[in-house]
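As written, the chains take the letters A, B, C and D, and residue 1 is the first residue of each chain.
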Amino acid sequence: MAPELSVSQWFNTPEPLSIAALKGRVIFLHSFQLLCPGCVAHAIPQVQRIERTFSGSDLQIIGLHTVFEHHAAMSPTTLEAFLFEYRLNSPVGVDLADEASHVPVTMRRYGFRGTPSSVLIGRDGTILHEAFGIEDDLTLGARIATALATPVPDAGQAVEVSDCAAGVCALPVSI
Amino acid sequence: MAPELSVSQWFNTPEPLSIAALKGRVIFLHSFQLLCPGCVAHAIPQVQRIERTFSGSDLQIIGLHTVFEHHAAMSPTTLEAFLFEYRLNSPVGVDLADEASHVPVTMRRYGFRGTPSSVLIGRDGTILHEAFGIEDDLTLGARIATALATPVPDAGQAVEVSDCAAGVCALPVSI
Amino acid sequence: MAPELSVSQWFNTPEPLSIAALKGRVIFLHSFQLLCPGCVAHAIPQVQRIERTFSGSDLQIIGLHTVFEHHAAMSPTTLEAFLFEYRLNSPVGVDLADEASHVPVTMRRYGFRGTPSSVLIGRDGTILHEAFGIEDDLTLGARIATALATPVPDAGQAVEVSDCAAGVCALPVSI
Amino acid sequence: MAPELSVSQWFNTPEPLSIAALKGRVIFLHSFQLLCPGCVAHAIPQVQRIERTFSGSDLQIIGLHTVFEHHAAMSPTTLEAFLFEYRLNSPVGVDLADEASHVPVTMRRYGFRGTPSSVLIGRDGTILHEAFGIEDDLTLGARIATALATPVPDAGQAVEVSDCAAGVCALPVSI
């Protein structure tokens, strides 16, 4: 099961998102840093292509700004201007800083090895695929389409969703 | 329904292919000319990526060398060397020349406006999508994966296939 | 004649640079912002190629961080991390902020219309070429090589240089 | 000194070209095969950029179709259509076939290891630089501009030119 997000600030969304509340939808979660050259050159443009290609589907794209170096240089203020300049329209959350570590909470929870990383989460909340670096578009397009073609879980699972939202997914405990 | 192929010579396949005999499988049919710059720069590399990405699936890739200009310059001899040098491994047929036209038979049958063109054919033999020029990889990957996710047609349709293979698909008549 | 630089902070150089003190050398002065997508995708990589190609020459490359928008987002702290992550080794100065304008001092002095911009300055201190946006590498390589092939100005001009370095180039006056 | 060309057929020029007759000008001589993927993807587009960048100079660009494999597939008929489709406007010669070898005459004379190869020839007829594969544009632009900045040889050398044109450059002897 995909761990829950811990986010200190959201951009491009009127209200916070959670893995639990999105159960039933496919999620493309991508982790980046605004000063990571590979993210800027390859991952962010790919996310924009995903935005366009799957705009008619119920795919939920979520960006996670997982700062694990140069923390002072990549503040939310800089992130906000970055998102504006790079025309990223899908929701982005600032991964919650961990006082005891350079690595923020959600990044550690997912075990990302660095940026860019991404996770494709199925309608049932399970992790279908993880990538460190960039996958080629053809493979990724096929992977997302295949996930979208999977039927939405039935009501039984939907109950679990509300359970999860009620606190079962209290992931800080497991970390 | 996807029209049948008329091919004067095949490469990269031990025996001729036909749309009829392939019913039940998804087909990516791409039309090119070896001296078409857009084909060489964009379409052929994309076909190679399709070969790699969908190598584990039952997708059938078919190339069609649809020469409609510079006929003497793009002979089967030159095509054979081209396929070798460009490392194209999937089957390629030389579209049958039409004595009454610059446009070869299959190209006219499909109504291709030029090269590169492509057609995605579903398991039931219907045309799912046509493109003149190159689609982006993300969209195409999604499109092929969605077609592959469609169940194979049932036996009733399979009967039609053998009928067609027996000669009903005499396409010059229908053109 | 190329206007003088007004810089509040330097990176990648042990001491401040000035147009005046560099008379006799060819200068490639490039203006950028770290959140300018065209700068990051095209201009900075081109500067790195210039660094490599002309490393054996006496070309002086100077970057100018000309922030004219999102000022809080592109602080020197963020710039320092940016230069580290993007492996830019040549000197970069932070263009002096102008309290009365969004446009910093040197940028206005040169009349740059935006970022990325660049100026090629000849051995005699004159502006040989200005560009808003990116020139293609072939043209730029030819342009720089042609400037480098021009003989160093004679002693008469060298005297002016030391005068200028002594304070005559008090450019805020001339603006 | 750059060896003379042996060409069986010229395209894009009203009359044959020779190294001897071009003494006094800088020559960019590029060797390619129309079915060589690296030539088509990288070398030919670079030659087109050279055509544009140096159109105002006296640089002479010469292409040499040096077929050393798939001879039947790369006939002059196919080359002519190739040049038309790829919009190559500068002169191209078909390197003279050698009955005793797969390698044509001029290619062997220059010692090219394969395609694409190129040679930059100075105003005095000497080889300034040889490359197997593609150089980056910035370096090549600088290299050509530097060669162009070299003064035209004086009359004494011009005499040698006419000598050479009279037959002294009988290169098959030296091969």
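In this text, a contact is a pair of C-beta atoms (placed from the backbone, for glycine too) under 8 Å apart; a residue touches a chain by one contact, two chains touch by 3 or more.
It should be emphasised that the depicted structure is a prediction, and the values quoted were computed from it without experimental measurement.
**Student:** Following contacts chain by chain, what is the lowest number of steps it takes to reach chain D starting at chain A?
**Tutor:** The fewest steps needed to get from chain A to chain D is 2.
**Student:** So which chain is the furthest away from chain C, centre to centre on CA atoms?
**Tutor:** Measuring from the centre of chain C, the most distant chain centre belongs to B.
**Student:** If I rank C-D and A-C by number of C-beta contact pairs, which comes first?
**Tutor:** Between C-D and A-C, the larger count of C-beta pairs in contact belongs to C-D.
**Student:** CA centre of chain A versus CA centre of chain C: separation in Å?
**Tutor:** 39
**Student:** Pull out every residue in chain C that's touching 2 or more other chains.
**Tutor:** In chain C, nothing touches at least two other chains.
**Student:** Every pair of chains that touch: which are they?
**Tutor:** A-B, A-C, B-D, C-D
**Student:** For chain B, which residues count as touching chain A in their complex?
**Tutor:** Per the stated touch rule, the residues are 46, 49-50, 53-54, 136-146, 149.
**Student:** Name, in rising order, each residue of chain A that touches chain C in their complex.
**Tutor:** For chain A paired with chain C, touching residues are 35-37, 40-41, 70, 72-75, 77-78, 80-82, 84-86.
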